[in-house]
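Here the chain labels run A, B, C and D in written order, and each chain numbers its own residues starting at 1.
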Amino acid sequence: MWEKRMEWPLNAAAVLFLVAYAWPILQPSLGHTGRVWCEVVTWLSWAVFALDYGVRLRHAEDKRAFLKSNIFDLAIIVLPLIRQLRLLRLVTVLNVLNRNAGLSLRGRVVVYTVGATALIVFCSALAVLDAERAQPDAPITDFPDAVWWSITTITTVGYGDRYPVSGTGRVVAVGLMVAGIALLGVVTATLASWLIRRVTEADENAQAVTREHLDELTREVKALRAELAEQRAGVSPEASEPLGTARG
Amino acid sequence: MWEKRMEWPLNAAAVLFLVAYAWPILQPSLGHTGRVWCEVVTWLSWAVFALDYGVRLRHAEDKRAFLKSNIFDLAIIVLPLIRQLRLLRLVTVLNVLNRNAGLSLRGRVVVYTVGATALIVFCSALAVLDAERAQPDAPITDFPDAVWWSITTITTVGYGDRYPVSGTGRVVAVGLMVAGIALLGVVTATLASWLIRRVTEADENAQAVTREHLDELTREVKALRAELAEQRAGVSPEASEPLGTARG
Amino acid sequence: MWEKRMEWPLNAAAVLFLVAYAWPILQPSLGHTGRVWCEVVTWLSWAVFALDYGVRLRHAEDKRAFLKSNIFDLAIIVLPLIRQLRLLRLVTVLNVLNRNAGLSLRGRVVVYTVGATALIVFCSALAVLDAERAQPDAPITDFPDAVWWSITTITTVGYGDRYPVSGTGRVVAVGLMVAGIALLGVVTATLASWLIRRVTEADENAQAVTREHLDELTREVKALRAELAEQRAGVSPEASEPLGTARG
Amino acid sequence: MWEKRMEWPLNAAAVLFLVAYAWPILQPSLGHTGRVWCEVVTWLSWAVFALDYGVRLRHAEDKRAFLKSNIFDLAIIVLPLIRQLRLLRLVTVLNVLNRNAGLSLRGRVVVYTVGATALIVFCSALAVLDAERAQPDAPITDFPDAVWWSITTITTVGYGDRYPVSGTGRVVAVGLMVAGIALLGVVTATLASWLIRRVTEADENAQAVTREHLDELTREVKALRAELAEQRAGVSPEASEPLGTARG
């Protein structure tokens, strides 16, 4: 299978992209050659994703259906041509978590939520630092500050000791806020579904009791039928055959 | 149908209202003529809504029931006479989303939530900018700032780098905060209902099993009845008719 | 019934308490006589609550059970002796909403939530204004500011443009924050239960189908029994009596 | 049982640890001897936890399974060797709440949530005060400020009048924010499960009705079978035996 074979190359491309994206931001003193190399790696990892998408599209039986159900993947390929949105591609690294986890639905939700939250916080911190550094009087000036700001934003705490002032930084912040609302929703929903499950186990017991009643009834009807068959074989024939002999 | 025919005129009126409301706020240098035109368009779009309400009220069989169940629509017609509340009328544009979406309940909730959130953020930014601009030393002075403030408020992040200081601006802010709590609630509830649905599919399977048991039992009883009928037709009649002949 | 008769006096006492509590805070220039009158009204309304509690305790058959299940009411009577906690008594005004609403569970939750939120915001604004006014350099100095701060706190937005600095003010703030979390929880839970109800109506339909199957089965068994009775009355007697006559 | 016997020593160790941890932070003027004593008590309480873990590991039949399912306990033993993380050990005091409460699932969730929230707020305030005091120009300088900051953070209000500036303080803050999201989730989920339970009681009634139908059907079938037995004993035998005598 193509998708099975591409799992690790895609993950490697995602990690390489992440490193090549983060390096020049975290080390502003990086020379021109280093920056060019990072740019090259970024484009190569993009090429891996584009290639994967192309091959999957080619293998798809119903091309139109594939395009429709993979609209998000297509966005990940096309949007990075706009520099700031390239960052969105990192979301694909989450597919690893999604594919490998042989867990229950709730377990998968937990793993996915923790992984996605960590990745979103890290990438947003990078993106906002990149955008704000150029700004004079920006409250966010180094990476620890940026991570701190990311976390206060995604948890919707929002102290206001650090906040973005550039347009790009604010767009990243909006993304983080939306992620924060989703995070709150997922945590609550997971807890609620667990609690409701525990509380509604009584319902299932009620179901089980109903089924037991039903089984008892079935046994009763079977006994009735057996009795009838016995009566027919033992009594009625006795009653009809002797009559025949009486008649004969 | 009146409601079907009025769908697009109402939407057009809503969009026109939005444009006529936004223009003088976004371009403060707009001359007197422009402002008058915007005012006229605003009142015309209001007239369309009032007309629609009037016709629907006239067509309604039970007028009292119509008034009761459309109290919100009546408010939208009457309240705009107070200038700041005119803005509330924009909520009607959401009816488009509601009417056209041939989606599942959850799908409709998602479309409606995203649409309503975007519209509320946009309109609140306009309203707060309109109210704060007159204020000396107000932290919100241009449209991007107002949108940024709207989003930090509706997501309940609240950095505090921007906040309204006028009474009207604060009333708009309170509306945004309430919308933010509703937004959080809707996101969480949608996720929870999806997760609970997925987890409780086992319940439905239990139901299906119960029904299968029931069907088996029904087959058993039908077989019993058929056997009895056979016995009656084959054995008992044989037993009774010969007796009749024996008697004859 | 005592409880029925006391409904309106208790509500009146609650409103009077609210007015007598709010007046000296909202009008700091109120003279000494006015303040004494407000104090008297405050104590009179407290006496009405204490009397109501005493009569209900006397009428109760199981005094120990009454004390246990009305521990909150007792707290409302005893705690106001501590000045700041007197404010807690206002929560009793919510009993009106609770008692009068002839609504569904969800409807009652909505009415109660809106009413409680409004009352909590209003009372917290009063309490915080009372506590902060004495403070030099306090950010909260007038009633509109206090209400604005209350709302930004209960919605967990927390801009930080206004915040309490005194100990009492912060205790009120903590109460507001807890109320805010409860508010978010109630809104989300109400939405979730509505959405889950709508989505799980299919379950009930499945139940109905099961019951229909069951009814069909019951009809089948009844028909079987009727047939058997017919057979017994028509065929078997015919079969046995002629035999008797044949024997005779 | 070891676990039963160790319940109170462990709780005592937890409380002693808490006191020995809090004292030097709350009283910065504490002399050298006092600090040494607190340090000794801290290590002794750690030793009690380590001993308890060791004995339980020794008694465990499947050592590998014990290690796996008590990974959190092991972390609590090993991590305190890093000074700041020692604080995590306090979470064990919650086991008391968990073990003793003979309550329903929902009741246990409520007790646990309130207890854990109070403990987390108290310990975070201590930890952040310890970390921030050394910082010049830190906004958090005394214990009431630290508690106030803890509460504004865990409720995700985040005014921004107080916030940590040191690395350690920010790590504590992140823990508080995560706890805040969990708190919101637990409150909402508990409310939702209660509300859904109340609303879905109709479902159980439907179940009960189904079961009643089923019982009626069972009675019907039993009556049928009894009738058949009667027919067989009364009519058919009469029919067959006379036949036998007729034959004889």
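As a working rule, a contact is a pair of C-beta atoms (placed from the backbone, for glycine too) under 8 Å apart; a residue touches a chain by one contact, two chains touch by 3 or more.
Note that the coordinates shown come from a computational prediction; the quantities given were computed from them, not determined experimentally.
Colleague: Just to confirm, which listed pair, B-D, C-D or A-C, duplicates the contacts seen in A-D for more than half of them?
Modeller: It is C-D that reproduces the contact pattern of A-D.
Colleague: Compared with chain C, which chain's mean CA position is the farthest off?
Modeller: Of all chains, A has its centre farthest from that of chain C.
Colleague: Please work out the Cα centroid separation of chain A and chain B, and write it as a whole number of Å.
Modeller: Roughly 27 Å, centre to centre.
Colleague: Cα centroid separation between chain B and chain D, in whole Å?
Modeller: The answer is 38 Å.
Colleague: Counting only residues that touch at least 2 other chains, which ones in chain D make the list?
Modeller: Expected reply: 156-160, 184, 188, 190, 192, 196, 200, 203, 207, 210, 214, 217, 221, 224, 228, 236, 239, 243, 246.
Colleague: Quick one: which bits of chain D touch chain C in the complex? Just the residue numbers, please.
Modeller: 144, 148, 151-152, 155-161, 183-184, 187-188, 190-192, 194-196, 198-200, 202-203, 206-207, 209-210, 213-214, 216-217, 220-221, 223-224, 227-228, 231, 235-236, 238-239, 242-243, 245-246
Colleague: So in the complex, the part of chain D that touches chain A is made up of which residues?
Modeller: Result: residues 105-106, 109, 153, 156-160, 163, 167, 170, 173-174, 177-178, 180-182, 184-186, 188-190, 192-193, 196-197, 200, 203-204, 207-208, 210-211, 214-215, 217-218, 221-222, 224-225, 228-229, 232, 236-237, 239-240, 243-244, 246-247 of chain D touch chain A.
Colleague: Which chain B residues qualify as touching chain D in the complex?
Modeller: 156, 158-160, 188, 192, 239
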